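Two complexes, one shared chain (chain A), two partners (chain B, chain C).
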Partner chain A sequence: MRELVRRYGLTLAAVFAGLTAFWLLALVVFPYFFLAETSFRHYLPVDQLGGPNDTFTLSNYLTFVSSSSTTPFLFLNVPIHVYIFIETVLFSSVVTIITFSLAYPLAYFLAKVANVKTVPTLFLLLLIPLWVSEILRSFAWYIILSYQGPLNALLGVFGLHQVRWLTAYNGVIVGLVYTYVLFMLFPIYNAISTLDTNQIEAAQDMGARWWQIHRRIILPHSKPGVASGCVMVFMLSAGSIIVPSLLASPSSRWFTEVIQQWMFESQDWNTGSAYAFLLLLICTIFVSVMMRLFKVRLADIAQ
Partner chain B sequence: MSEGVELSAVCCDFGDFRAVDHVSVTIKPGEFFSFLGPSGCGKTTILRMVSGFISPSEGEIKIGGQNMRGIGPNKRPTALIFQNLALFPLMPVWENISFGLEVRGVDKETRRAKAEELLRLVDLPNSADKAISQLSGGQKQRVAIARALAVEPKVMLLDEPLSALDLKLRQHMRAELRAIQKRTGVTFIYITHDQGEALAMSDRVGVMSQGKLQQVDTPQAIYNQPANGFVASFVGENNIFTGTVENVAGQMGTFGTSVGNFTAAIGPGVTRNSAARLYVRPEYAHLQAAPAAGNSLPVAVENVAFEGNFINVHLSDAHGGARIIQMRNDKAIAVPAPGERLHMSFAPENAMILADGAGQPASRSAAQSALEASHA
Partner chain C sequence: MNKTPPSRILFNIYVAIFLAFMLIPLAIMGGAALNASRFPSVYPWKGFTDQWFIDLWNDDRMLNAAKNTVLVALGVVCMAVPIGTAGGILINSLRGRSRSFLYGLMVAPILTPGAVIGISTLLFWNKFDVPAGLHLSAFGQVSYIAAYVMLLVLARLQSFDKGLEEAALDLGASHAQVIRRILAPHLYPAIGAGALIAFFQSVENFNVTLFTKGTYDTLTVYVGSKVRTGITPTINALALILITITIIGAAAYEVLRRREESRQEKLRELAREAEVATEAALLTGATETA
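What follows is the complex of A and B.
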């Protein structure tokens, strides 16, 4: 702080500190604090707020596990919201795996194979779809994948059977992969492009085949990028609301939709907040466990 | 154990630029062969063609008599040591060394044993489990050599691997590399722009300029009987006199310059009309007070550099051309003083009239270009 004042003078230093404090307090800490506080209070009629019934409680969190309707999952009957949560984590993981398998070869191609002169053009082509809003992109996919849509028309041209694409989680997966693939691509691209090409050639020279080079040299080197890409895509997917609602099928449910229903359909902000924190908490735990499993340190991701 | 390498009329083009131009050379099995040349002369391109990373535009490369066209770098019996070594920083030393065996499916115990054995060979025991970042420059060098030897290559290719080391370590590693080469009997192809390295280590040296091989011979022959002006000026220092070939009589000829006519040995291919220059090594020239019979020219002492075991005397001739002579430091010698007017002389058999080679600077002072070449 003293260094900041010495360098930029008191006024500018105060502006920096003030803006940072505003950002952190007003835009991050306070809303979260408000939601956290709300999540521990009963859902009461307006006239009882501040009354004797307005006490702190865990009941909103317990609703998550004590829902009356259950669904069979594996050998258990699990509460419906837990089941939806499990599916959200599961299909977010599927989305993460698919984006990785699309982004890694593309990142390798851009970083090490493509002509240096064409890379900016290729990046531009990748970025242009990102300029269109997420809602429009989701609608576009809705049209493409619909039963009478262009994809099935194309299949018809080749004399193939028409497919009902928007069943189960298909539409949600396609939409999420399309929306978040660049969040996977860029960190991996950055990581691979810092790899000395001589290392690839050295491995080749010692007799390694292409897949051995990827497994032993390129993937380990790009691990921090892969890790941050995976964390980002997983968290964004699990927290996404537009794509899962627009590209939904009758049998697909996303946990964010449950939160939205609590908040805007039941007007129960208390349970909604509790569910939002559960999503954040359990996803963080899930990601931490995955990072431990794949031996990724937090410092790698921050790179 | 080792194989020879044969290059016949090998060319390599990058677009319109011909990086390697009809290079033909036969490197014998077990030989330590160096390609010596200034940067951009095509020597690294040759190395990359032999290792298989680029294929020649024309001509063919044979290793052990087998044509290498269409054979990828991972299938060739060569091992390349990169200029920056390209060790794998995420693997410990022993995994680096045994990487070539790992990709061949050798089991872990055998790999570990082989790595330990090679670490002893390169004089770096007890380092198997160290991280690459824990090693010093010289140690990394040894690990790179061990890693290349692990795949039991028939031919080792080295791309200026000593250039990143400091002088003392470089001199030590020179001897070390030579010893490892003799111990293993593997054919070494060494790329360098450092004439000291090339001359001290090699059985034979190929001097290159502008993609062309200028001369292939033993280090002594390269130094004492350079094939052309480029080799003479790139390897070692020389006093270079511009002028014309006046007369050729057998092995000797007369060379006319603005500071006089000199008798000297005729280099290969030099005739009366060829573009040629006269070369005199500083250590073969002498100074005396009076003009000597034979080759002699008046000079003024500019500067005296005492180097310890020898003394460099920088001179200027009647036309201001920079000349240099080198005298051994024997205690009895009288060191000339700057400003003194003396005569420089040299024996005809120690001076050479050589044809201009490719890539030779057209007009620069002799000592200057020789000096630059030796420092390049």
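What follows is the complex of A and C.
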């Protein structure tokens, strides 16, 4: 801070600090604080706000675990909202793993194998879907996977049976992978491209097999990128609203849909914020697990 | 590195499949805009039509939503760019614990689901009786988009020579002059890129906007509600327009890049030739004097 004043004078330093303070307080810290605070309060009619009934409570979180309808899950009957929460986390993890296995070979190819001259062109082609909005990307798969859609028509050409693609979580997984795979590709590519190619060649000269090179040299080096990609894909998937609502089947539900129900249909912002807080919590846990697991700092993840 | 041909071929096939996976869905979606079928599909093909483009043009709500989207995006750029730049300069002058604490706070919104940002923004301003609307959407979006600008500015500051500032101050420049003449010109590329990213991130945004928009519509929210309820091929018409613009932009960029590359190549060649020529001249000069 003192350095800032010395370099830019008191007025400008105050402007910088003021803008940053507005951002971090009015747009980040206090909103998060009120989210947490609201989630611990009763849902009351307007005239009772601030009255004797306006006390702190855990009832919004109890709603989450004590829903009347239950669903069997691993020999247990769990409340429906807990079940949806678990499924969301589970399938977001599945999406994260799939995007990693799709993106890693491609990132390696682009960073170390491909002709340096063709890489910018390939990147440009890959960026086209990113510029076309998220909604339209999932809408494209809605068209492809529909029962009367082009994919089934193609199967028909080969004399195969038509398949009902949009069952269980199929559609959601395909849609999320398609929509977010580039968020995995770019960080891993950036990480691998900083690796000195001589290291790979040295390992080859010493007789290392290709999988040993990946396990011992390239993967460890690309850890920050992998962590960054995983965090982004998991967070975007678990928080996705449009993909599950478009590509869901009757048997698949996503946690963000429950949040929307509380916010818009029930108009119960207190329970809604409790559920949103749970979503924030699981994402925070995921970030810290990744940081531990990959032994990277936050600065490596958010870059 | 596997330079043996078989693995290379395998890689090339993989890249081709991946590109097809990324691009064919867009082609199918765009193609459906030209199909006379009442449902958005390329199959069965019922003949060519431009009906959906006409419908799109006559969709007043869509045009209004597009106007709102641009309005919000401009607002986001006007807020996120100064805020993110200030944040980047501030954090660059910090060290140690306070730096990592502030850094954590700044990047937290990037790692937060949009729904959470949207709901918390709505609740916060609601405490001060500020109703939901486009301004809240802009505030919510700024909270994470400013972080992108901050990261760009911070990265750019890594290559900044502090000595220049010191020298200017020593020579009697005022602080405002230092900013205007030295720091700002160095940051312009990052600020420009930040403004561009801020604009498009804002246009793209769905999750934050959904919870903060109140009774207004933005393009993404309108399209979102449209694809969820009454599915019509006008969305495909919109998609085809967006895809075409993107491809034209990408192609233009590619042409410019190639031209620049060949220009650089020629310059390098000229430099090489000049070097050879000078060397030759020097050599002849040397032999002559000998």
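Some points to look at:
We take it that the second predicted complex is superposed on the first by the 284 of 303 C-alpha atoms of A that agree within 3 Å, B and C clash if a C-alpha of one lies under 4 Å from a C-alpha of the other, contacts with A are read in each partner's own complex, and residues count from 1 in each chain.
Rule of thumb we're sticking to: a contact is a pair of C-beta atoms (placed from the backbone, for glycine too) under 8 Å apart; a residue touches a chain by one contact, two chains touch by 3 or more.
All figures in this text were calculated on a predicted structure; none of them were measured in a lab.
With chain A as the common reference, chain B sits beside chain C without any clash.
Once chain A of one complex is fitted onto chain A of the other, the partner contacts of A:V46 are absent, as it touches neither chain B nor chain C. Residue contacts after overlaying the shared chain place A:L293 against neither chain B nor chain C.
In the superposition on chain A, A:E201 contacts both chain B and chain C. Applying the stated contact rule after C-alpha superposition, one finds that A:R209 touches chain B and leaves chain C untouched. Comparing chain C and chain B on the residues of chain A they touch gives the larger count to C. In the superposition on chain A, no contact is made by A:V157 with either chain B or chain C.
Once chain A of one complex is fitted onto chain A of the other, the partner contacts of A:H221 are limited to chain B, with no touch recorded for chain C. The superposed model places chain B and chain C at 70 degrees from each other around the C-alpha centre of chain A, with the value given to the nearest 10.
With chain A fitted onto itself, chain B and chain C come no nearer than 5 Å, counting C-alpha atoms only. Overlap of the chain B and chain C contact sets on chain A: residues 201, 204. Residues of chain C touching chain A in their complex: 1-2, 7-8, 11, 14-15, 18-19, 21-23, 25-26, 28-29, 32, 39-44, 82-83, 86-87, 89-90, 93-94, 100, 102-117, 119-124, 127, 139-140, 142-143, 146-147, 151, 162, 165, 169, 174-176, 178-179, 200, 203-204, 206-207, 210-211, 220, 223-224, 227-228, 235, 238-239, 242-243, 246-247, 249-250, 253-254, 257. For chain A in complex with chain B, the touching residues are 196, 198-199, 201-209, 212, 216-217, 220-221. Those residues of chain A whose C-beta lies close enough to touch chain C in the complex are 1, 3-4, 7-9, 11-12, 15-20, 22-24, 26-32, 34-35, 38, 102, 105-106, 109, 112-114, 120-122, 124-129, 131-137, 139-144, 146, 148-150, 153, 178, 181, 197, 200-201, 204, 210, 231-232, 235-236, 238-242, 245-246, 256, 259-260, 263, 269, 272-273, 276-277, 279-280, 283-284, 287, 297-299, 301-303. For chain B in complex with chain A, the residues that touch the partner chain are 51-53, 72-75, 78-80, 82, 84, 86-88, 90-91, 99-100, 102-104, 147-148, 150-151.
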